[in-house]
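All chains are identified by letter, namely A, B, C and D, in their written order; residue positions are counted from 1 within each chain.
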Amino acid sequence: MPESLSRAIRWDTVVGALLIVLLLLSFSTVDGFSNALNLSFLIGNTLPIALIALPMTLLVVSGEIDMSVASTAGLSGAVMGALWNQGMTIEAIIPICLLLGVVCGLINGLLVTRLGLPSLAVTIGTLAAYRGIAQIVLGSDAVTDFPTQYLDFAAGRIGDTFVPQAFLPFLVLLAIAVVALHATPFGRSLFAIGASEEAARFAGIRVKRQKLILFTLTGLMASLTGIFWALHYASARYDNATGLELSVIAAVLLGGIDFDGGKGTLGGAIAGVFLLGALQNVMSLQDVSAQSQIVVTGVLLVVSVLGPRVARQISVARAGRTAASAPVSKAPTPTS
Amino acid sequence: GGTTKEDVKNESTGAAAAGGKADPNAATKKGLTVGFLPKQVNNPYFTSADKGGEAALKELGSSYKEVGPSSATDTSGQVSYVNTLTQQQVDAMAVSAQDPGALCTALKQAMSNDIKVVTYDSDTNPECRNAFVSQASAEDLGRTEVQLLAEQIGYKGEIAILSAAQTATNQNIWIDFMKDELKDPKYKDIKLVKVAYGNDDAQQSFQQTQGLLQEYPNLKGIISPTTVGIKAAAQYLSGSKYKGKVKLTGLGTPNDMRKYVKNGTVDAFELWDPAKLGALAAQTAVALVSGQITGKEGETFKAGGTSYTIGKDGVISLGKPTVFDAKNIDQFNF
Amino acid sequence: MTHPSDAGPAPVLALRDVAKSFGAVRALRGVSLELFPGEVHALAGENGAGKSTLIKALAGVHRPDAGQVLLDGEPVVFHGPGDARDAGIAVIYQEPTLFPDLSIAENIFMGRQPRRALGRIDHKATHHATAALMQRLGVDLDPDRPARGLSIADQQIVEIAKALSFDARVLIMDEPTAALTGSEVARLFNVVRTLREQGAAVLFISHRLEEIFEICQRVTTLRDGAWIASEPLDGMTEDDLVRRMVGRDLDELYPKQEVEPGEVALSVRRLTREGVFTDVSFEVRRGEIVGLAGLVGAGRTEVARAVFGIDRWDAGEVEVDGRKLINGAPSTAMAAGLALVPEDRRAQGLVMDMSIERNIGLTGLRTTVKAGLMDRGAERSRSLDWAVKLQVKYARIADTVNTLSGGNQQKVVLAKWLATGPKVLIVDEPTRGIDVGTKAEVHRLLSQLAADGVAVLMISSDLPEVLGMADRVLVMHEGRLTAEIPRSDATEETVMAAATGRAAA
Amino acid sequence: MTVITPNQAPAAEVPKSSGTRLVDRVFKMRELAILVVFLVMIAVTQAGNSEFLSEQGIKDLLLNATILVLVATGQSLVVITRNVDLSVGSTLGITAFAAGIYLQDGGNPIVAIALAVLLGIGFGLLNGLLVSLGQVPALVVTLGTMYIIRGIDSIWVGSRQITAADLPGGFVDFGSGGISAVPYLALIALAVLVATAYYLKHFGSGRELYALGSNPEAARLAGIPVRKRILAAYTFCGALAGLAGAMYLARFGNVDSGTGNGYELTVVSAVVVGGVVFTGGSGSVYGAALGALLLTSINSVLPALGVSSVWVMAINGTLLILAIAVDRIVALRVASALKKRNARHA
């Protein structure tokens, strides 16, 4: 099989193609899909997942995982609400919340890199801990009265177009993340770490430091998402974004990021995020029940890993057949 | 000079809901579509409520649809379903809000697209909907539950509350009224020792009940103003040595609680009829679309033979809850 | 062809016209081979000639695309390694295949533990059988110790013990001696001889030709996946064999250039890592090749790891080119001009799932950068340059390194480090698993590097290599430096004496 | 032939330093760290609230742990093979409902349990086939089947629910009954646990699970039927999730479409806290069971100490981290002590 072809059927490109096909089909056949309002809803509701998917992809590529992202988001929303209730200015609150996210990420990172604990276990722990702190901070309050210009920014769109205002900053972040992962030495070292941590260490890559940076970035982005969430939905509660981590992970997996580390592209991950988002939007418009949507998500996940596998096996079998059928050259005559 | 809470308060006073004028005699429109959006689909309570709404709509010659998230804490899911209903251009939607604030933007969006919004069971902020159909006045619910339990324990002893989530809006209002009721001198020998939260999760409610009993060995009674909590507490009590000794009351459905009433774990509990709640929500929605009401205080409309008056902030109340006990429980099936 | 098959005993196991391809790579094309009882058969060929592939075909790991496997003259199809094992074939693969979490005893007897009633495992019997095997091999390894953390050599010994425990009719060994030192090799050979006398057929692969001549009776040579010859070793010379393998005459194996040592480039002073090595001091000068010899487990690798910063040291200091290194920081060591070619290429030297290009590029992340971004052109040309310079045999530079043969993988590791242009190069078993031709090249390279002013510290268990290449030989014994022997005095005897602790330092 | 001479182990056979060996064993037992944490926690609670270890209290502790212990035991087997099964929560939910529906129509409790187990086996097989034949990452596949089974469950169940009133009295009584402070359910779980642990230690196929988790490629070369073993591990995990479903029904007498949602994280936590390593090949089911006991007990300890439930979650998470951190630090200490002592001087 020619290289270009086998490269073209890489799973991340398949996901991207699926997304495009889905969009085109929906535009022409699904009532209410193509109008600007719906598209802005679609994008707006998918943004929190997409935002967290950026650092999560990098983290997973380097062989780690952060289950606490949704809790960090919830915590930063809760702190934002609590401080707002105290009468602080929103302009002061947001940096504080971002800093808090950095601290949350740093804690995860330190536990993983300094103590050498498995990140899955650590972050399942902090998943509970951060959410618990959020509960302590905000209790049963639901803070809703944030200033309108912020709410409008988080929920509004640019004029009458389908583009939410918050989408442009997201695109900037996406571009930064793509460059960081795919075009910098930092990103390159993440792939190496994910594929073989020991070999990366022997190549002089500062594995622990890179991981610490990543966890910290993830915390930062999670708290940014928490702020966005609270403003987008005009509601800061301690249980904001509960369960978001699974959505992020499902989307990232769908985008072809290998959880063993060392493989995947950000483009694929983001395509996965929006594929799931668009699919849910379309299914809702088509009156597919929530339960059936869950099944579809599950089937898609299974197919996303079985598909490339089957494709590869078929292509290997085909390549094997052509090679085997090539004439075997005569063994050279022995020299003695 | 940033923006603080105070600034926001000052800028956003006034601006209540709904303009226009009500015409009580307008004809009831037919062929409408009303979308029901419960907190969670598949939740038995909401299913009965929505079934009630469906029946009422059928009677009124309109059609019904139900959408909703499969988790009761998936607020963003609920928001996107509001959006979906808006996209599908239903005539009205009946929403039970997971969060008073989170749905606001989307609901306002819907109202600006000429869709009438009724909340039922759980309200949003008043400016984000046209009317709220309340299951019973919060005050009634809070006070009667205390009265029920006080009778069962002979107005004496320690009691506790097992609530749902700490953020559950309804429960918190009811609990406030319970505390207020307890201030009455006739309850002077009753002491509320703790409010525990089981998060509407069977297992957590179970363990919270255990904890209450271990922490307060002299506990005489528990009020659980949530159908999940009371069921879990009843199941725990009925399998423990506390059965019959510690009284339990609160809000539960007759089907859930039948067994525990019969085996002596529970004497009496209460609830409104969720089907009626759903029906009233549907009727209110149709009345709003038909222009018979706009949601202003004082307007009246007829639904299912009864006349309802809209109270302050657009709240319509279903009436008093029903108390279930061994004598009457077999007459109910929901 | 000069087969004795019409006369002597019938072959136990044979391959007939076997072909095997991986995608476009034709690893074997029409290869035949016959293994006779009571005979040790050598398989020779350059890196990537197809030796390991042939073995995997024999062992049921690979299904040949064409041709037959014959067991006692009957064609058989092995559906998996288990089938081959049941047919009495024991295999030592080129790369150790141990279960790190399990004990040595379990590793050896996995799948065939002695049983008690009801099919339960007899743990005690397993332990004792392992202890007996270890005694037979003359090593002191605790059967209950987990395999994790074993040195490569010890892992290899466990593999050998595993293969011996089968009492198999056919014993196949893919470079079993690559990580071993002389005394262990000698013991292994004694065991192999005993097996041969008991009538076992043995297939033996090694890049150390003297070993082949020592233990084997017949040899089959492969070149580029093709069968070249099968013949008795009697009367053959090493040069004959090399010519079969390489297809030409070989240059000198130890092309040591005489160099006048310059100033000190690497200086290690009183370095100690508790429980591992103690009070190690030495210097390496520019232009010098210093050999570090010792028995397996003497702690040579440990010293190299600590110097490079992989492990932390507890006391002492290291200077590269006058710059003190920070404890436990490989990146600063690299920045100071230090390079380490580690001993375990699969785990430490390479990211197996990454391309050749990127593996070599990994050490250049700081240099092939333009405006903070990767300069892909520079990265590719740097990688290509070095892959070509070291004559790595590959199909595409973008292929993952796990498709390369063992020796070519080793070349990639070397390329990766030479590309950094180091001032001090530490190589740990640089020619492990490398064929003679390449070995000579590697030696010439090391020699050239030294001549260009690089200070080279060469850790090797291949004593002739140390003697042939080193200007000075340092010897370690039980975690201490016990001797420093100048080239003129370095002989097998002096070095071994120091390594076994017989000579006073 | 059953005559056993006590202490007949010949002294000479015991390696030289049997004393230190024992110490090693004990220290290497990662379970010990958890056990200590657990005991300290219980002791502190008892000191603060004497009701805690009353007969009812002990019974509650055991009952709470039972279901998690079962599921965690099954999960450990899968994790030992370097895989994971995230669908256990969904399986538990759907099997509990299936058993409930059957009982509701007047079925036999034993058959109901068998039904739940069989259904669990079915889902286990599905996962096992996908993972072993498809050779795809277990995390993704089982996240997928988690969604699929949950979706099917909620479509099938709809808004129906099984309540205690629908179930035979004997079945529900069995769920909360026991021999003094020891519930029947806990006895069943214990039996399963001990049998599984014995199997893992003393049977070839059990050891092979560790082997293939430790190094899959080597396992293949050693002729271990890798796919078959993985399939078996998943099937067993599914079976235990099914059994746990039946027990859930008996214990809580209450099943709806949400039952078991989110349970997978609790199970994974228990397994991880119990020292079963996610990269496969090590850990024991006893550890996982202790992890389960620890986790569920925290949820009983905090209310019993009168800690406001607002704090429960934060404390829960912190304790979880503490448990694995302590475990890790102890392991590191022991490892470095061992290294110094064992340094080879050949």
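Note that in this section a residue touches a chain if its C-beta (ideal position, glycine included) is under 8 Å from a C-beta of that chain, and two chains touch if they have at least 3 such contacts.
In UniProt terms the chains read A = Autoinducer 2 import system permease protein LsrD; C = Ribose import ATP-binding protein RbsA 1; D = Autoinducer 2 import system permease protein LsrC.
These figures come from a predicted structure and were not determined experimentally.
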{"item": "Selected pair, greater C-beta contact count between B-D and A-B", "value": "A-B"}
{"item": "Farthest chain relative to chain B (centres taken as mean CA coordinates)", "value": "C"}
{"item": "Gap in Å, rounded to a whole number, between the CA centres of chain B and chain A", "value": "36"}
{"item": "Whole-Å separation of chain centres (CA-atom averages), chain A against chain C", "value": "42"}
{"item": "For chain A paired with chain D, centre-to-centre distance based on mean C-alpha positions, whole Å", "value": "30"}
{"item": "Where chain A touches two or more other chains at once, by residue number", "value": "135, 139, 243, 289-291, 294"}
{"item": "Numbers and ranges of chain B residues touching at least 2 other chains", "value": "41-42, 70-71, 166"}
{"item": "Junction residues of chain D, two or more chains touched", "value": "154, 257, 310"}
{"item": "Chains touching one another, given as label pairs in label order", "value": "A-B, A-C, A-D, B-D, C-D"}
{"item": "Chain B to chain A touching residues, read off their complex", "value": "1-9, 11-12, 41-42, 65, 67-71, 73-77, 79-81, 83-84, 86-89, 99-105, 109, 125, 165-169, 172"}
{"item": "Touching residues on chain D, where the partner in the complex is chain A", "value": "130, 134-137, 139-141, 143-152, 154-155, 257, 262, 265, 268-269, 272-273, 277-279, 310-318, 320-321, 324-325, 328-329, 332"}
{"item": "Residue ranges of chain C in contact with chain D within the complex", "value": "59, 61, 80-86, 91, 93, 97-102, 106, 110-111, 113, 115, 119-121, 123, 139-140, 142, 145, 274-276, 295-297, 478-479"}
{"item": "Contact set on chain A toward chain B in their complex", "value": "31-33, 35, 37-38, 41, 45, 48, 84-85, 87-92, 135, 139-151, 155, 229, 232-235, 237-243, 280-281, 284-285, 287, 289-291, 294"}
{"item": "Residues of chain D that touch chain C when the two form their complex", "value": "201-204, 207-208, 210-211, 213-215, 217-225, 280-282, 339-346"}
